[in-house]
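Data block below; observations after.
Chain IDs A, B and C follow the sequence of writing; residue 1 opens each chain.
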Amino acid sequence: MNTNDTLIPHIGVVTDIRIDTPDVKTFRVNAIQADGTVSGKVFEHMPGQCAMLSIPGVGEGMFSITSSPTNKEFMEFSIKKCGCLTSWLHAMEVGQQITIRGPYGNNFPVETELKGKDLLFIAGGIGLAPLRSVINYVRDNRANYGDVQIVYGSRSKDDLVDYKEIIDEWCNDDGITVNLTIDREQEGWDGHVGFVPNYVKELNPSLSKTVLICGPPIMIKFTLAGLKELGFTETQVYTTMELRMKCAVGKCGRCNIGDKYVCKDGPVFRFDQLDELPDEY
Amino acid sequence: MLKISLENLGKLFDAVSEKQTLYIPTDREDGASEYKKYESGMKLSKNLNTIRSAKDFFFPQTENLADFKMEGKKIEVIDIREESEDFVIFGVRACDARSFTILDKVFLSEPVDSYYKNRRDHGTVVTMACTKPAETCFCGTFGIDPTAPEGDAACWSDGENLFIQANNEKGQAFIDSVASLLEDGDTAKLDEVKAKTKEILGKLPLANLSTDAFGGDTLMEHFNSEKWAELSESCLGCGTCTFVCPTCQCYDIRDFDTGHGIKRFRCWDSCMYSEFTKMAHGNIRNSQLERFRQRFMHKLVYFPSNNNGEFGCVGCGRCLSKCPISMNIVKVMKALEVK
Amino acid sequence: MQEAMISKAKQLLADGTVNRVIGWKKGEFAYDITPAIFESAEEIDADFVYDDFTAANVSKYLVKESKKEGKILAFLKPCDTYSLNQLTKEHRVNRENIYVVGIPSDGKLDIEKIKSKGVTGITGVERDGDTLKITTLYGEETMPVADAMSNKCLSCKSKKHVTYDELIGEDGDVIDSDRFDMVEKLENMTSQERYDFWRGELSKCIRCNACRNVCPACTCETCVFDNPNSGVQNKAAADSFEENMFHIIRAFHVAGRCTDCGECSRVCPQNIPLHLLNRKFIKDINSLYGEYQAGADTTSKAPLNEYTTDDCEASIVHERGVE
């Protein structure tokens, strides 16, 4: 058959593995070119979109693409070890091939609704992975956006994903404010201590900002409540969701919530859109 | 209309099966019927419907998607797809024929599922009008007329003759391929049979079942209904309703290690199963109530919301007959429509 | 009988002996009965039914129900009481929270058997002695009751209630049934014939899990076949032999615990005679370890859970396996 089918994956090669935290690794993935060389990307994407990665025989799973589309050399995936497939991925060595298909889902509206806006990114733990794609996209198209504020928290300093990039690059950018926090006091940490929702309230961000949140469900819940107390409306807050997926194209039925499929209609939703869905996520 | 005497039906089947694979519903020893590959002498079932629906032909219970060869750090993807051969499914009822247009909306929407499309392109559906609807039938609720079935070509029986008419080019090609066996026939008796069937349709116990209370704009109202607890209380959480349903199309993708390589296959799945939505870090539907609700909400609310009001049910009545505890979409609709 | 049960249920609800009743609820047609829990006299008056089609064994629901607050009244047919006893023995139910009213059963009908005779458009089914009068949209039909009798009732093993707090009507006796006849027939086949028989039957399986989910002996919190970490989790056969493994492994797992309630075959949408697998085990256990009926009591040790010096030698089992 000469037609493509999205269910038949491409091959990607893991060309770099960065240990971010005790349970998060970031994998760099390149394509195999027609001449056999390993370089470039398997496909293009927009910030917030996902890809299905798999090790045949182990399983397939949906992962957010953490690198920005402005990176023309490779794609990156920050993956937390929490199940069978992710444990296998964590055991990989450089040079390992994986299967990859995508891009799937919608993206953060970086070219429409977010353009020209002051942006507030709020992330918890591995929740930084999908937002990092947007943050770097914004940094690379700096003129198109206003002020950028990043509030990022984790259990401890060691659990902050992309710590080096945050300190070495984001913190040195003009017009970007980075506010880091960890859950409990820790030796060698002189930054803020406390949970993300409370920290956001303390920071009292300007109501003109458009907010992008990603993190554990409980963090999202309390942060959203806090933002509302501050006067933010649901129409200015975006998040990205994660559910069990198999096909990634809205057919297998698994990630169906209400009349939406998270894989196809999401994963990015504005909170007022989520209000129209049954409370199942 | 073109016809063939019922006595000569075997000749028609023989002629068709000489050129392509033919499937017909035929009776098993236990009295139930199932679709089987036609072999000379096989008799067409008189039963109204098969236990398994006809969706198997386009969306089989298990199918291979791709093979993988693993060698060291290398992975080779092997595209195992092959062009399907032409085949005919004969004797499909109006309800099942409509189920194909519902499945089309899922599998043929972008990105097109090439596995499904391949079979759909190569399959000819020849339908058979109903003359003896059962008490469990409610296809009329979904605007289906079992005396005028869809499909590529449609057949009617008046007890003596089988009449056949094409609904499209594919159906016409089918008729042309057996033209030598067909002759022009008078439909006077057939019209009587149709009228009689219509009279019975009006008397069916579920003839007045209505979809008025359902559709996309009723999402929150029905989702939050208190009635789900009672409706789902004795649900066994099995997949019978899902697997006999002609429109249920959820699937799982899994890998199977043959020892010589990996086969990635997909298989039917059921939202009634406990681990359907289970992820490494949790499950969004932990109770049978939630899973039961998902199945019926999908058919009665979510699917119409995404498909111009078309419901994900064709009223074939299989779940009414087969649910081990006799809980089904009709009982759900009747309970939910009462405010 | 239905009237007596309704008044008993209302009385026990009213005097506070129980706070709920598990029984059967009528449906859209003459036969589509659903197991249901009733909490008030009004609910009972509206929907409670006990008739020729109340075949469902409600004892498995008691695993969950008996853990809830307050006592539940369960109407159990003789065969259902064996299931409850077995569940009690395995500590799967809290027997103290269940008030069992034993009810007689003169055999339940199987609507699928009626339909398989070509009867359709069924609007009513009435039992008149040994004859069944069926009204349909296409006229009246009759057939012998025996032709429509549920398989599990055709080879009824007992009319005796092995556990109850109260009985409605007289208790019956254990019956000499012909339930092992078909097993013997299978045993007398050549191994190829037997293989073909089971391949033919089991290849119909659609892996809906109805047999497992209805089975009172299958009460694992997570079935090995549902557990992604088990390595054998399966929803569909990955090869043509796999559905056989599901049923064979299940039969092994309930061996010595299966009371032969027949629910597995009753609910199978493909009419696979699954109970024959279990009956083979029962027959073998009887012949190897002496007569044993699972669920007959709550105290005796099950043969497969006990070692005695006069147990049959492993070699006997081995020899029997070689033809």
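Following the convention adopted for this analysis, contacts are C-beta pairs under 8 Å (C-beta built on N, C-alpha and C of every residue); 3 or more make two chains touch, one makes a residue touch a chain.
Since we're looking at a predicted model, the values are computed, not measured.
J.: Where the centre of all protein Cα atoms falls, which chain's Cα centre is nearest to that point?
T.: Taking the mean of C-alpha atoms per chain, the most central one is B.
J.: Select the chain at the greatest separation from chain A, using centres from the mean of Cα atoms.
T.: Centroid comparison gives C as the farthest chain from chain A.
J.: How many Å are there between the centre of chain A and the centre of chain C, using C-alpha atoms for each centre?
T.: Centre-to-centre distance between chain A and chain C: 51 Å.
J.: What whole-Å value do you get for the distance between chain B and chain C if each is reduced to the mean of its CA atoms?
T.: Spacing between the chain centres: roughly 30 Å.
J.: Measuring from the mean C-alpha position of chain A to the mean C-alpha position of chain B, what distance in angstrom results?
T.: The answer is 40 Å.
J.: What parts of chain C, by residue number, touch at least two of the other chains?
T.: 228
J.: Show the residues in chain A shared as contacts by 2 or more other chains, in ascending order.
T.: 84
J.: Send over the residues of chain B in touch with two or more other chains.
T.: In chain B, residues 252, 269, 278 touch at least two other chains, as defined above.
J.: Show which residues of chain A lie in contact with chain B when the two form their complex.
T.: Residues 1, 3-11, 56-60, 82-84, 86, 93, 95-99, 242-244, 246-247, 249-259, 276, 278, 280-281.
J.: Given the complex with chain B, which residues does chain C contribute to the contact?
T.: Within the complex, chain C touches chain B at residues 27-29, 31-37, 56, 61, 111-112, 115-118, 120-123, 136-138, 204, 206-210, 212-214, 222, 226, 228, 235-239, 266-267, 269-271.
J.: What part of chain B is in contact with chain A in the complex they form?
T.: 65-66, 68, 70, 73-77, 79, 81-83, 106-107, 109, 111-115, 118, 216, 219-220, 223-224, 249-253, 255, 257, 262, 264, 266, 269, 271, 276-281, 284-285, 290, 294, 297-298, 301-302, 305-306
J.: Would you tell me which residues of chain B are touching chain C in their complex?
T.: The touching residues are 30-32, 34, 46, 48, 51-52, 61-62, 132-136, 200, 203-206, 230, 233-234, 236-240, 242-244, 252, 254, 256, 263, 265, 267-270, 273-275, 278, 320-322, 324-328, 330-331, 334.
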